[in-house]
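In the two assemblies presented below, chain A is common to both, partnered first by chain B and then by chain C.
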Partner chain A sequence: MELLLYVALFSPLVGSLFASLFGASKKNIIAGIVPSLLLFTSLVASSILLAFVLSTGQHVKVEMMTWMATGDLYIPFGFLVDQVSVTMMMVVTIVSTIVHVYSIGYMDHDKSFNRFFAWLSAFVFSMMVLVMSDNFAGLFIGWEGVGLCSWALIGFWYHKESATWAANEAFIMNRIADLGMLIGIFLVYWNTGALQYAEAFAAMPGLEHATLVWMGIFLFIGAMGKSAQFPLHTWLADAMEGPTPVSALIHAATMVTAGVYLVVRANPLYDLIPSVGIFIASLGAFVALFAASMALVNRDMKRIIAYSTLSQLGYMFVAAGLGAYWVALFHLMAHAFFKALLFLGAGNVMHAMHDELDPFKMGGLKKVMKGTFIMMTLASVALAGIFPFAGFFSKDLILEVGFVEHHYIIYSVLLFTAGLTAFYSFRLVALIFHGEERYKIFGVHPHEAYKFMLIAMSPLLLLAVTAGALKMTYFEMVTAVLPATEYHVHSAATYWIMTIGTQLFVIAAIAFAYKKYANSSVKVPDGTSAIENRLCYKVLWNQYYIPYFYEEYFVKPYRELSSVFWRYVDMKVVDATVDGIANILYTTGEKTRVMQNGNLSTMLRWMVVGLVVLLSLAVVFGLAVRHSDEISLFLSGLGVK
Partner chain B sequence: MLEPVNVTLESLNLMTLTPMLIPIIGALLILVIDLFKSDLHKSLYVMLSILFLFMDFAVLANTSGVVAQNGTLMGVFNVMHIDGLALLSQFIIVIASMLFIPLALTSNSFHEFSYPEFFALFLFMISGFQFMVATDNLILVFVGLETSSLALYTLIAMHNRDKSFEAAVKYFTMGALAAGFYSFGAMIFYALTGSVEINQIAAVLSANGYADIAYLLVGVVFMLAAFGFKLSLVPFHTWAPDVYEGASAPMAGFMSIVPKIAAFVVAMRIFEFLVHSGIVWLEVILYIFVVVTMTAANIWALVQNDVKRMLAYSSISHAGFVMAAILIGTTQANSALFLYWVLFTFTNLGSFSMLWISRQKHIPIYQASDHSYNKFAGLIKTAPVAATIMALFMLSLAGIPPFALFWGKFYMIASAVTGGYTILALIMALNSAIAGYYYLKLIVYMFMKEPVQGADLYVFTNNASLSLRTIVGVAVMGTIFAFVAVNPLLEFITAFVYNSGY
Partner chain C sequence: MEIGLNHYLVLSTILFAIGLVGVMRRKNLLMLFFATEILLNAVNIAFAAISHYYGDLTGQMFAFFVIAIAASEVAVGLGLLIVWHKRHNNIDLDQMSTMRG
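Let's turn to the complex of A and B:
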């Protein structure tokens, strides 16, 4: 089993290194195929581990080596496969294998094909380190690793200004949050004396409540950055500058859910501080609504899906914050499948439309892209939460959690958001696939993606459709390590009313979306229609003016401040000091180099001078020794001891 | 009527002389061959020299086995004194010489290597150095010193440029003065103790409790001046930059290594027992020497415009750095000295060889001197491999891990700290930082500047014959993979140093 663990962990690394061998050379299909195969190996290994954990209920734990041992600090490089991490491993390896295969087709014409796979596999490796580590230090390494790979992949087309900007934005936002995370980890170590999950959590019940609250808050700040929760959410939508498979893998299925994973992993901590949990849940509910509202009016296909991801992450945090960790993890898993599918479908559409992202400029694509059409529709159905698709089981469960825990405000917000979710998802589907073929105006000739790309996507489709059926098996498995609370609405009548009501509400939202956007009267908006001039439209369109606010009140003052520091502190104080020291050394050198004037007589004189100085010192010392008594007498006369 | 002295051959222990006799025989053989047939190619002499050096090495290896078992070997009326220090330094001398000689095989023919005498003198010089380290008799040290020095002066002059003659004459004149200092110092020691053997001197001095401290200090001053000259300690260093510049590049590299290790060993023998017996004056003076040499040479190196002169000053600074070991005087420090010098051998010989490879017969107009910095400008574009190798040596000299000299500096500073010289350790570290500047300056020139218009793009490729490449390759390997060898090497060295009582 240990060997399997290593295989699962290191195959992506090998793949990455292999692809990077070709980094500087021309596109080589091998650089795509080998990492994909290695990821498949990792998937197989993870599946065997899953089967093992599922059948025996045991954990696989290895200590690879001592990573740090200085003084009291002892951090072994350990890895742990338990029910939680094996879930994450499965999600990561399944989605990444599919995305890798898909990318072979998607990146076909890109000249940096090899580099893409090197980074993509490096990402998977970091993600595996993140989820498999058995201590906070390893988690943090993975955490930073995925951040780095995400940066490189968002800015993959670095010649585009917007891509590099988005990459830097994501990186900087995450650094801010990572500081919080780091402080949280320090607090954990400082107070519990351990970084291993098991030991740290075991020590926590004995700590003061306030300390625990700070730990919980700081760790959650880290989670907020990685999972793009308000107010650190702006980077996620901009991260869509990266290639679409990257969006599918990193910014939908895996990396952004790391925050949720962290909260789930730290469940013993959050159980002790329910107040922080309520805060997390409230923030999650807020983000769910907030992001969904922005998705309503957006005209960028990928950004709509990104906002949807944000909204769904909000759902997960609600569940995690309310202590329903297994529900959060379950939604994480189901979401990974249908969201990745949605993104890959969007990738197909983008390819077909020559990188056009505005769904208003498409329409009627179902005739040419039947496969993609079916997949995206089903993924949207799953996202909307229609029975019997995956989203129904996982998302409705979160609503039930809110209801059962008597957080009715959260419940209503989430219910309303579910309607919005259905609306914007089908707005997108309707605009892309139904209605008139508006793309003809722009002279585009769409075509379906390669067949193997569609085949690669099909496992995701299967999982998006059926993952819900795994609910009970899943429940039994993860509750071995997570709190096993089942959420049942007490009376059967209420339950049925709720469920059917939600379904009807969602279906109505879908129908409305179809009615509004699937007809032939949809035009490409040109900024003149009445709705575009309404205030609420403008607010949503400008993302509540938050990016503007950040620019005006954080970025600009910061730049001003930096410039002041640069001009006055750095140039005048720091640089001047350093230059001063250097100049002193330099001028000393220049002045004294005349000693070396090449004249033999001078040189000989220097030698003799040296000798004479030494001799006189020796004489002085010799005399001092000989007359030491007199000298000490003399000195004592002067009052020197 | 004098009694005839009866000496048995066994008591002479002539085996102790073999390592020195081998290069002498080699030199004589070369001279004899030249006498009979004068127009032979230089490669024959190179091969002969290497052959004899190799035999020398084999004998040394054999002797080291004996010494490791039986302790110090004495021979020839106790004049020869083969201990761990003698062996370690001879190993360094012979290995450095073996790395040096093949550099004669450049593709361009240079003047000095066309004389067979060059090789004969070279071998005489080696045996001189070997005598110097393998005795504690001040007279034999003097003989060895002079044999090697006289040979060295000639070798420098054979480079056959105006600057070389100048360098040789300067070196010779100042060397004569230093020799005077040495003999004066030795005389005072003899007058005080009635012996010219260092261990006898030490015994007599400690027996009478250093009664004549004033006279002793005068003797020490003369010795310090003499070794200050040989080790190029400030202010006795003035010869070094000019001589390095005048000598051919590999000769300069050789001079920065081999004569100095020989001088270090003798200095260790003379000064350490004095430091240990609590002569505060000497400790203070050595401290000043170490700090001033390190720092001043570093500061001068900053302002050089010629890479070779920069390396000359840097070698002075390195010598000052290593001199600290003699001040500290613990086994750890002395072992660190040898370790440092082994690693320095590879790196410094490598960097001087790179200069040698870039040697031009005629200096182009845009260059102020033979190896001015702008000759290396933009080297990464014209000769990427050469630039990388040169950068590697510079990084090693600057003490950047994991390259060779980092370990030398590391153990040296560590020994200073454990020896209780914390401030000295700090000064050493600061100096390494200053030194970083001028080594990196060359890297900046090579990697970040544009090549000078009309520069000869083929300087490096033209001159790099197979043997030169091999030597540079060996130096590169030694520099990169030093971290593998450091621990076993240090164990080996420490065992020898400890056994010889230092």
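Let's turn to the complex of A and C:
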């Protein structure tokens, strides 16, 4: 089992290193195939581990090496496969294997094909370290690793100004949050004396409540950055500058859920501080609604899906904040499948439309892209939470959690958001695949993606459709390590009214979206229609003016301040000091080299000067020694000791 | 007035000063050697005088050493001077500037 653990963990690293061997050379299909095969190996190893954990209920724990041992500080480099991490491993390996295979087709014409796979596999490795580590330090390494790979992949097309900007934005925002995370980890170590999950959590009930609250808050700040929660959310939508498979893998299925994973992993801590939990849940509900509202009007296919990811992350945080950790993890898993599918479908559409992102310029694509059409529709159905797709089981469960825990405001916000989710998902589907063939105006000839790309996507489709059926098995598995609370609405009648009501509401939202956007009267917006000039549309279109606010009140003042510091502090003080020292040495040298003009007579004169100086020093010193008593008396009179 | 230690030391200092000025001012290599001789003998006078004053022979012995060393030094120096003169036909200090820094 330990060998399997290492195989699961290190195969992606080997794949990454292999692909990076070809980093500087021309596109080589091997650099795509080998990492994909290695990831498949990792997937197989993870599946065997899953079967082992599922059948025996035991954990696999290895201590690879001692990482740090100084004084009282002892941090082993250990890995742990338990019910929670094996779930994450499965999600990561399944989605990344599919995305790798898909990328072989998607990146076919890209000249940096090899580099892409090197980074993508490196990302998977970091993510595996993140989820498999048995201590906070290892988690943090993985955390930073995924951040780095995310930066490199968002800015993959670095010749585009916008891509590098988005990459830096994502990196810097995460950096801010990582500082919080790091403080949280320090607090954990400071107070419990251990970084291993088991030991640290075991020591926590004995700590003061206020300390625990601070720990919880700081760790959650880290989670907020990675999972793009308000107010650190702007990077996620901009991260869509990266290649679409990257968006599918990193910015939908895996990395952004790391924050949820952290909260789930730290459940013993958050169980002790329910007040922070309520805050997390409230923020989650707010983000769910907030992101969904921005998705309503957006005209960029990938950004719409990104906002929907943000919204679903909000759902997960609601569940995690209310103590329903297994529900959060379950929704994380289900969401990973259908959201990755949605993104890969969007990638197909983008390819067909020659990188056009505005769904208003598409329309009627279902005729030419049948496979993609079916997949994206089913993924959207799953996202909307229609029975019996995955989203129904996981998302409705979160609604039930809110209801059962008596947080009716959160419940109604989430319910309303579910309607919005259905609306914007099907607005997208209707705009892309139904209605008039508006793309003809722009002279595009769309074509379906490669067959193998569609085949690669099919396992995701299968999982998106059927993942809900695994609910009870899943519940029994993860509750071995997570609190086993079942959320049942007590009265059967209430339950049925709620469920059917939600379903009807969602279906109505879908029908409305179809009615509005699937007909032939949809035109490419040109900024003149009435709705586009409404205030609420403008607010949503500009993302509540938050990016503008950040630009005006953080970025610009910071730039000004930097410029001032550069001009006055750096140039006038630091540079001037360094230059001054150099100049003094230089001028002294320049002046004194005249002494060595080769003339013996001059040298002799200098020798005499030296002699006189030494003699006078000797005399002064001799006098000082002779009169030392008087001198010290005189100095003490001046107040010098 | 009896001649005491101080007189000798003053003489020594005056001679030393004369020697120093010679070392600094002279451009002729031969004159430079004379100046160094004056310097060395100024010191010798001081040695001998102080040695006599304390009744200790060490200083006088040291003066002999200095004389011996000075003689050999002048011998070597004059040898070099003759070679230099044969090559360059002058013994002007200002011409000897090949060791420029």
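In this text, the second predicted complex is superposed on the first by the 577 of 641 C-alpha atoms of A that agree within 3 Å, B and C clash if a C-alpha of one lies under 4 Å from a C-alpha of the other, contacts with A are read in each partner's own complex, and residues count from 1 in each chain.
Everything below uses one rule, namely that a residue touches a chain if its C-beta (ideal position, glycine included) is under 8 Å from a C-beta of that chain, and two chains touch if they have at least 3 such contacts.
Since the model is a prediction, treat every value here as computed from it, not as a measurement.
Peer 1: Contacts for A:Q596 in the overlay, against chain B (first) and chain C (second): which applies, first, second, both or neither?
Peer 2: In the superposition, A:Q596 contacts both chain B and chain C.
Peer 1: What is the contact status of A:R626 with respect to chain B (first) and chain C (second): first, second, both, or neither?
Peer 2: The answer is first: A:R626 touches chain B but not chain C.
Peer 1: Should A:A508 be classified as contacting the first partner (chain B), the second (chain C), both, or neither?
Peer 2: neither
Peer 1: Is A:L73 touching anything from chain B or chain C once the two structures are fitted on A? First, second, both or neither.
Peer 2: In the superposed model, A:L73 contacts neither chain B nor chain C.
Peer 1: Figure out whether A:L561 sits in contact with chain B (first) or chain C (second), or with both, or with neither.
Peer 2: neither
Peer 1: After superposition on the shared chain, which partner residues are touched by A:L604: those of chain B (first), chain C (second), both, or neither?
Peer 2: both
Peer 1: In this superposed model, does chain C or chain B come into contact with more residues of chain A?
Peer 2: B
Peer 1: Need the overlap of the two footprints on chain A, from chain B and from chain C, as residue ranges.
Peer 2: 593, 595-596, 598, 600, 604, 608
Peer 1: Which residues of chain B touch chain A in their complex?
Peer 2: Contacts found on chain B: 169-170, 173-174, 177-178, 181, 213-215, 217-218, 220-222, 224-225, 228-229, 235-236, 238-239, 241-242, 281, 285, 296, 299-300, 302-303, 434, 437.
Peer 1: Which of the residues in chain A end up touching chain C in this complex?
Peer 2: Spelled out, the residues of chain A in touch with chain C are 593, 595-601, 604-605, 608.
Peer 1: Could you list, by residue number, the parts of chain A that touch chain B in their complex?
Peer 2: 582, 585-586, 588-590, 592-593, 595-596, 598, 600, 602-604, 606-611, 614-615, 617-619, 621-623, 625-626
Peer 1: For a test of understanding, state which residues of chain C touch chain A in their complex under the given definition.
Peer 2: 20, 23-24, 26-27, 32, 93-94, 96-101
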